[in-house]
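Each structure below appears as structure tokens.
Heads up, the next two complexes both have chain A, just with different partners, chain B and then chain C.
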Partner chain A sequence: MYNEIYDITLKVKRYDPEAKRTWVQDYNLKAGRILRFTDLFRRINNELDPSLAWNSSCEHAQCGTCAVQINGKPLLACELLVENAVAQFGTSVFKVEPITIAPVVRDLIVDLEQAYDRVHKAKPYIIDGAKKSQAQAESQILPRDLERYVEATRCINCFCCATACISSHKGFLGPNAVMASIVRLMDPREQAREERLDLLYSEEGIYRCHTSKACSFVCPKEIDVAHFIALAKEGKFKT
Partner chain B sequence: MTQKLKISSTLRCDVLIIGAGGAGLRCASAVLEKKPGTHIVAVTKVASPQKSHTQTAQGGMAAVDPRDPIDKPIYHMFDTWKGSDCIADQNIIKKIVEAGWEQAVWMENRGMHFTRMEDGKLSKRTFGGHTVNFGESSAFRCVFEADRTGKGIMDNVWGESIKGGTTFINQAVVTELLIKGDRCVGAVIFKQKEGEFVSIVAKATVFATGGNGQVFKVTTNCRQNTGDGNAIILKAGLPVMDPEAIQFHPTGIVGPGILASETLRSVGGILRNKELEPFMEHYAPKMKELAPRDLVARAIETEIREGRGILNPDHNIEHVWIDLRHLPDYVHDVEIPEVSGFFKKFINLDPKKDLCPVRPSNHYQMGGIPTNENGEVQKNPREMVPGLFAVGECAAASFHGFNRLGTNSLLELITMGKFAGEKIIDTLGEDVPDAPEDAGERSFSLFSRFMEAGAKDNLGKIREEMRNLMTEKVGVFRTEQGMNDAIEGLRELRERADKTVLASQSLIMNQDLIQRWELNNLLDNAMVITKGALNRKESRGGHFRDDFPDRDDTFHYHTLVHKTEFGDVHLEKRPVDMSLYEAKGEHYEKFGIIERKY
Partner chain C sequence: MNTDVIKSNIEASLITWLKKIPVISFYAGTRGWFYLISWSHRITGILLVISLWAYLYGFHALQASQKLFILALLLWILAIPMAFHGFNGARLILYECFGNRNDDAMIRSVFALSFIYVIVFGMLMLMGNQMVSPFLYWVIMFAQALVVAYGVATRILKSRHSVLWKMQRISGSFLLVMVPAYFLFIPLNPSPEIEANFLITGIQGLFLMAVYILLLLSALFHAGYGVWSVMSDYLASRNLGKGLAALVTFITLIFAWIGLLATLSV
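Showing the complex of A and B:
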């Protein structure tokens, strides 16, 4: 089973920022079954075309840098194995495109500044921590409290959900950014609840969400993002 | 076409942090907490600080709770000293270990989600080499956030840095250190998205650029860990310490290089070769799979060398098997679900039914930019470089000596980040001179040379050849002959690299240009690793010489390597701090030159 070789075609959407030119380039590769798409991109660079630009960092599905769209689905290229891709999409021809929530810098590399600005706007930190008594130095969160939102703490801001979201382009902060705020609302340490609620119920907040649940469907970390947004819509956090 | 390269703009700030991972941003947080409003610029090579390598740390952070009835800081100090093979600095060990708990509390009060037990007490894990009562039994010392402690820490210090108003410059690399007189006054960076050089003048400059794992073929490190910090420091005429001290983890998963934690062996996983023979009994008849990391790594490497490895055709990497098929479902589902999950996700194998491919993988650089206990960079054992700091994996204070214990790295980056931050506050009152007149010239001449080269070759291939060479000749096993071969090989690769034409002349997000620059850094790192290892005619911690298999205390010093031209290095010594031993306090005898036997 180890010697299976697939004939793969990657149809990569490319962009040259200087010529402002967009085109689709085909790369044909013979690839073993457990090569990942990041391995394929590296092979293209080393064997076919060093000019193809793509992004990655950890390649362990823990940083989200390598998010791309494969046949229209946003996912992490580092955890997509050749044989799984063939099985999942039922083809060996793959359209590879950058994620859509950010301007393309070159080829598959996007400029995440504005996308991350939306996360920063949601304040991904405890704005105002609970006062601690002297005796109790640490801020204890009991496992049963954490259980309610621990799933959301796994978010790595890969923006796959934002790419799949049907409301992303309409002034919505985006599923991951609102979840960054919701997770702190559910955190017993956070005192700045009003400020968080103001943002969630603002013009760019959760009412932009059309509940398509595409976010939950594509999340590489298998977070039910829509569930957390639904809690906020239900008014669960209003005091 | 040669473009006229120039500095597009000059920025002034109080603190410039290069590398926005756990150590860099803990440093930023420390400054901002004591001095709100301080203008901090944090430069990172990745798309956002959240994409840093710290994010991938799984296991946890060692920290002794002062209220713990069993564990004590002195035990942790002893374990770190012994683990280091008696070559960490004892003043550093003491300072870091004593600060650990306070840092865990600091993080939890700012959003960290350490795993707790039902009664609310912090959960703690044991880890290799961490013991109570000087080796008597395993210590429950390591606090953790599920299987993503590094991510928790990263989110924490990233959040605090945003909160404090840090300016982030993402996807940028540092190409040149700015030194005026004796003082560091900032650095020149190259912004990849814009294709622009920017000169940044700062009262304090902090290197937190991470490790050099990409020097080796199979590594647990991020794609960006190309030893940039070490290389820039060497270019500035400053030394790098103990580059030969590299840690190889015995069982990296073939392909992605993710660690298959030692838990797999402690729950009963068996290492097998091509003939499916359980080979560990030949190397460690008593301990077998549970022998120390370095011994297991050498056993696996020997099997592979002697032709009993298996070649994975997809990744073209030789490996051995770890057999978990005999373990009960309960162990798979409850005790090792994460690692089992990695095998499923990244190589499509079911450890309940399939043999899983593993091999020794590069994991950590114990050496790096030499600093004192405040993270201040040294130009020699006696003098500092004013205005320049280094923290995290790129730096060596040295807490880990020649072998790092698991969970001590997160502890080090958090504590050293904080110590450096506090020291930096002292420098904020100083006036900093302007950048030198020739700021950027060295970067321009380097980049111009990259662009002028015209020979047809492939930089990716050259990099792969270097990684193979270093893995084979300067990896788990080292010999004089092998390393001399490596030095020759590195010179040839460097010559080839110097001639290789770039795929494009563009400055904007030109991946080939950045990888060309990284290749120089990798080759510089590879060269000093090899020279350091060649000089050290003994075996110690992660550095193992086939031709000198024992520790030899005539080498009981830190190596300081200065580089002039490529391949020409000048070696110096830094003494090992033995202050715990010399203080003659309680248990001082444990901190002498002791055997590293487990």
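Showing the complex of A and C:
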């Protein structure tokens, strides 16, 4: 049982930027049940094909760098075990594609700089913190305030939500970027509310969200992204 | 009788059946069922926009030949996307503007209410004339539509949203009552529906005309903004977006003119 070996086929969508050529390449592997998909990619590099390009960094589902689409579902390759993938998709043949949020650089690697431009636009930090009195050494957030948005602070900007979103990426900042701004509006320390609201209530902000809730469905951190965007539509940033 | 068991059995059978359709199975597994419901909302919306424009374009022809069986059947079929789009729109308004997160229960209600409406509509079509007073019918429906629209308006009017976004929600809540009422009224009345209303003269006739004009303008605005909103999702260029907004506004105004002329000439 614990030594069970799966015969896995990965059908990887590849892209060669020099030749501007796209094709699907099959890799057949024997894999143990608790190998992750990043382990499979590494084994391909070590044993089958050193030219396959893919991305990862922490490999503990904390950085979002290894986000790919497996059989059409955006997820983190470092989090997906072979046995879970077989159970979830009901097959041992997996189509592996890059996420669609930015142009592909090579194979499974996308231009994350370009993807992050949207997050930077949303300014995922406190723009103008509440002024503290001399006696006050630190800002205080009431537990009940923090409880309302702490879930959203777990976002790692893997762009799985943006890839799954019904609204495409042409005119939308994306669910993660919008949520990053909403979180700061819910943070009692943030003073730059007008600047944030101007962006949120613009055509590239919440008006592009149609509550398809695909963002919440695919989020690897299990954040209910649609809930936070709906709070913004309701204007309910405060308790 | 355990209704929960029956309910879960019906749902399980329905989901199993739906999952046999590859495209549904794919998106349900990779984006979730609500993603499919959102697409259904879009597709039904576009279908209704086309039907509205076609109805206005062929207004008189449709009136003259509406006793034809095929038109009655088409009308009944059209009631299915209309009911789904309306009730699902109500669910979205409750989710986005009223903080109702009990979406599983709400989506069950959407399907249940749509089913009931379509069956009742079909029964009324088969039964024919129920001798309903047009004035009384529309007073009641109009009052209900105003109450629903007022409830939504008070919730969102002071919010920071754009005027057009607010109008879309308010018009949607108004249409939630008025469009199903318009459909239902057709088999309730012995004569062609619009004509029968305007045979009534004086204040009653003026009231009915005002109700129809408000219904027409609400439907056209809701349709136009909906089309533009969907198109905006796929446009990177702002100038192209503005151009398409102008085009949609122009088409909406043309159909508003056609509809107004047709209504006023009856």
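The criterion applied here is as follows: the second predicted complex is superposed on the first by the 235 of 239 C-alpha atoms of A that agree within 3 Å, B and C clash if a C-alpha of one lies under 4 Å from a C-alpha of the other, contacts with A are read in each partner's own complex, and residues count from 1 in each chain.
Basically, contacts are C-beta pairs under 8 Å (C-beta built on N, C-alpha and C of every residue); 3 or more make two chains touch, one makes a residue touch a chain.
A quick note: this is a predicted structure, and the numbers were derived from the prediction, not measured.
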Let's test your reading of the overlay: on chain A, do chain B and chain C clash or fit side by side? fit
Figure out whether A:Glu138 sits in contact with chain B (first) or chain C (second), or with both, or with neither. first
Touching A:Glu113 in the superposition: chain B (first), chain C (second), both, neither? first
Once the structures are superposed on A, label A:Ile101 by its partner contacts, choosing first (chain B), second (chain C), both or neither. neither
What is the contact status of A:Cys160 with respect to chain B (first) and chain C (second): first, second, both, or neither? neither
Using the superposition described at the top, determine whether chain B or chain C touches more residues of chain A. B
Between chain B (first) and chain C (second), which does A:Ile8 come into contact with in this model arrangement: first, second, both, or neither? neither
Under the stated touch criterion, which partner chain does A:Ala230 make contact with: chain B (first), chain C (second), both, or neither? second
Under the stated touch criterion, which partner chain does A:Ser51 make contact with: chain B (first), chain C (second), both, or neither? first
Name the contact category of A:Glu18: first (chain B only), second (chain C only), both, or neither. first
Working from the superposed arrangement, determine the closest approach of chain B to chain C, counting only CA atoms, in whole Å. 20
Overlap of the chain B and chain C footprints on chain A, listed as residue numbers: none
Per the contact definition, I'd like the list of chain B residues that touch chain A in the complex. 46-48, 50-53, 55-56, 104-105, 108-111, 113, 115-118, 120, 122, 146, 148, 151-152, 155-156, 158-160, 162-163, 170, 193, 222-224, 255-258, 312-315, 345-348, 458-461, 464, 502-504, 506, 508-512
Going by the contact rule set out above, which residues of chain C touch chain A in the complex? 26, 29-32, 34-35, 37-39, 41-42, 92, 95-99, 101, 103, 159-162, 165, 229, 232-236, 241
Chain B contact footprint on chain A (complex, rising order): 2-3, 17-18, 31-36, 39, 42, 45-47, 49-65, 78-79, 81, 83-84, 105-106, 109, 111-113, 116, 120, 123-127, 129, 132, 137-144, 146, 150, 153-154, 156-157, 184, 187, 189
Would you tell me which residues of chain A are touching chain C in their complex? 71-74, 89, 164, 166-168, 170-172, 197, 201, 203, 207-208, 210-214, 216-218, 227, 230-231, 233-236
